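Only one structure is covered here, and it is reproduced in the block below.
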């Protein structure tokens, strides 16, 4: 029904701990995306920024902050926040704006600067805040990752070696990625020798937090064609659905799931990609490659199932068969994933989109997935946020 | 080109200092809007929430927070923030989603709880933060309001009586508004007897901060027609433009304007409504009534000009002729405006839309503007944010 | 929490019967119910382990850790009647090697830490013998 | 700020010549310029009052107020060469009755407050005689 929207350009600032202001990462990524698209900043009609909550007021109004840094030019602005799904939500806003006929070309930017060490909640006693309560009880982010990992071991026969193998695979994938923070190969033995953080997950299997910035230029297909762009990647679908009550997933930062005493129980995570596939008119069996949220090594296995690459309980087989390695049937996290990037919240979902864009264009260099035609992203974060984007060549 | 989007329902929680959680105000307003629209919560496909930055993580993800409180049902969610323009930005997101054909009916909600007293910046020495610097120099919000007021006196012959007259007019307008916080009539003498805060503006002429919540249900015209709605109000246009460099307006929280040494100078505020009029295909001469941001009494005069009700310098005449009173040619702030509400940031731009909706339907009771056909809102806030919405009967 | 009976106190929607924990809800979160009235109710004190893990590193504040830090185990426990999963530490001394998914556990009270002479008590899960 | 010459230090884009105050910018904000190189430059020390007001109530922190509070006047001053408006207090003793829009003012340094034995100095605007 609606007109096609394409990605015209993608740009990133390398992930790391650079200690700079988030605006610098965002502007760097934006300029790279504009250059890649062959579009001038002054032609941009709409800017959707992903907010960061750690950088004061400029972070709350990131869309305006990036626009001012690039130079006020009267474009329309929006700032979104949706935890880990922030970038996809901003992308969805830009796509809708174009499909609605309100603009032809838009810029989407996310960037963050993160503190060192553990992500701790704000100070002060806040017994009404679930994020505070769970820390008080000693329940940290790795707790949630490990509950899922342990359940895979007990239900589906996952092994510690499987988990380590994912880290080894992703480190291998990201080794040549200029935007990745960690570019070092590992062996299964090295991963298994790293200290246990939360059984059964080890230090090298849990994602860090990083600084980083990612941006894409999106446009109507007509605009891209007029520009003569030969490197268009079509946005097939975007899902930013919320859970359905009763949500049966054990989610950060909650200490209890919804009660299904008077309702049906639903898995939120399994519902996210479904909507993106429906919009795109493709199914998981057509996927060439995927970028998913490996907050822990083990979580990547859950994502194989959430995005429909295999039935529930079969993820270990997919991994062991080498299907999800570059060169396999459906490579997952060819970028290196969070294992090599570390999470930069408002930039991360966009970084997934940038990687798929490079892959679908055949411009991913040493980590190129051959004959990549359909890519899907999957991510999920706090407070009922998750997203999935399907891109098509 | 795109299909029409209409407001199907509007709802508010009364403004005040109620000391409750912002979620309660938002849910109250949302349920009122749903009831007014005759739409069930479970039919809503998209929720756009206005973020509040004063209420911890639930405020950052207000779209999710309201959805969870109403009951997760798998709708898509978005959370926007744009200072005073937050509500319009969320409304624009919902409209684009519908015009893009991605959904038929959406809910837009904004709510806030505000602290008592002065709005002070966060603690800590932050010499890089313009908001911190201006407070350090003794430049508060009323400083900016008064600089504009004084300039009107010196350039256009505004008087203290003019400023007081606006407060008197708006207090009269809001007297019967069940959603207003302050419902008390004033005389010009009473206003002029209130203590001077920042010359030439007095205590009764400067807007307070309030708790409050506002929500609208928006839908495609087709959906509204199928529902048999006889009370549709069409969204003619929405503007969420940013400034153009060099912006010549003296804006909170900056201590200097852009330098126009190498560029043309532009007035941001005068540019905001223009785009909304263009989208709507109407001009200021067709406006039946307006809701504008009277952060101070005097600022309402500036807004007469920004939204094109009169040429620059003629606002005092418009006021003195009684044109902007209910019963006059083009009533402004029939709701009572910020003078009667006090500002609840993420709800305020939506509250303006709610008032216009009631007026255009002829349901505004004692404060009804006769034969209201075209309404316009105008507001403007920190960091390059402003918005204008044109509604049509 | 109730010291005598050792069960968690949640709330239950008066209209649809949905349980909530923690119980401090304002609106019923069941989308087909718009009730805002709840009863305080005791939750089942026995359940089934859905999964489990431990904490081998000291968490950041507001957690108050023993000095030196002692690792502790955590379980996610499914309550049959309420059809919900509740997280909590496993009782002191219980390690991840002592439990499995599907094991039955029951609620106990345990002093998590003592600060300024005051005991902070919370629920823990204890495997049933 | 420079104590000897009493002028404000801003920055100026090396490519397009746009001025910035405060001068701590990373990217040139002129949309038709993508420079990130700037010179530190003194700004005009004289200008024209664009408008003015005062503060009759004590502002919140981080403002450090005299005790008892003394009201102060504020002006927005247009610099001709830089084509920009800069805000600042008017010099001590100058009230809103002493100035008008269009009046010429010049820059002075003034101790805004003293804290822990240290003087905090800022610019103020002084009407020209």
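To keep things simple, chains are lettered A, B, C and D as they appear, and every chain counts its residues starting from 1.
Criterion: a residue touches a chain if its C-beta (ideal position, glycine included) is under 8 Å from a C-beta of that chain, and two chains touch if they have at least 3 such contacts.
Just so it is clear, the structure is predicted and the values come from calculations on it, not from any experiment.
Colleague: Can you list every chain in contact with both chain A and chain D?
Modeller: Both chain A and chain D are touched by B, going by the contact rule given at the top.
Colleague: Could you tell me the distance, in whole angstrom, between the mean C-alpha positions of chain A and chain C?
Modeller: Distance between chain centres, rounded to whole Å: 31 Å.
Colleague: Suppose each chain is reduced to the average of its Cα coordinates; what separation in Å results between chain A and chain B?
Modeller: Taking the mean C-alpha position of each chain, the two centres sit 34 Å apart.
Colleague: Mind checking the centre-to-centre distance between chain C and chain D? Centres are C-alpha means, answer in whole Å.
Modeller: Here chain C and chain D have centroids separated by 58 Å.
Colleague: Multi-chain contacts only, two chains or more: what residues does chain C have there?
Modeller: Residues 29-33 of chain C each touch two or more of the other chains.
Colleague: Can you tell me which residues of chain A touch two or more of the remaining chains?
Modeller: Each of 68, 71-73, 244-245, 258 in chain A touches at least two other chains.
Colleague: Mind listing each pair of touching chains for me?
Modeller: Between chains, contact exists in these pairs: A-B, A-C, A-D, B-C, B-D.
Colleague: Give every residue of chain C touching chain B within the complex, in rising order.
Modeller: The touching residues are 26-34.
Colleague: If you look only at chain A, which of its residues touch chain D in the complex?
Modeller: Its residues touching chain D are 21, 23-24, 27, 31, 41-42, 68-73.
Colleague: Sort out for me which residues of chain A touch chain B in the complex.
Modeller: Residues in contact with chain B: 1-2, 47, 51, 53, 56-58, 60-61, 63-65, 67-68, 71-83, 89, 92-93, 95-102, 122, 126, 129, 131, 239-245, 247, 258, 266, 271, 382-385.
Colleague: Would you tell me which residues of chain A are touching chain C in their complex?
Modeller: 117-118, 120-121, 123, 125, 128, 130, 132-140, 142-143, 146-151, 154-155, 195-201, 244-246, 248, 250, 255-263, 265
Colleague: Please output the residues of chain C touching chain A within their complex, sorted ascending.
Modeller: For this pair, the touching residues of chain C are 13, 16-22, 24, 29-33, 50-57, 59-63, 72, 74, 76, 81-89, 96, 100-102, 112, 122.
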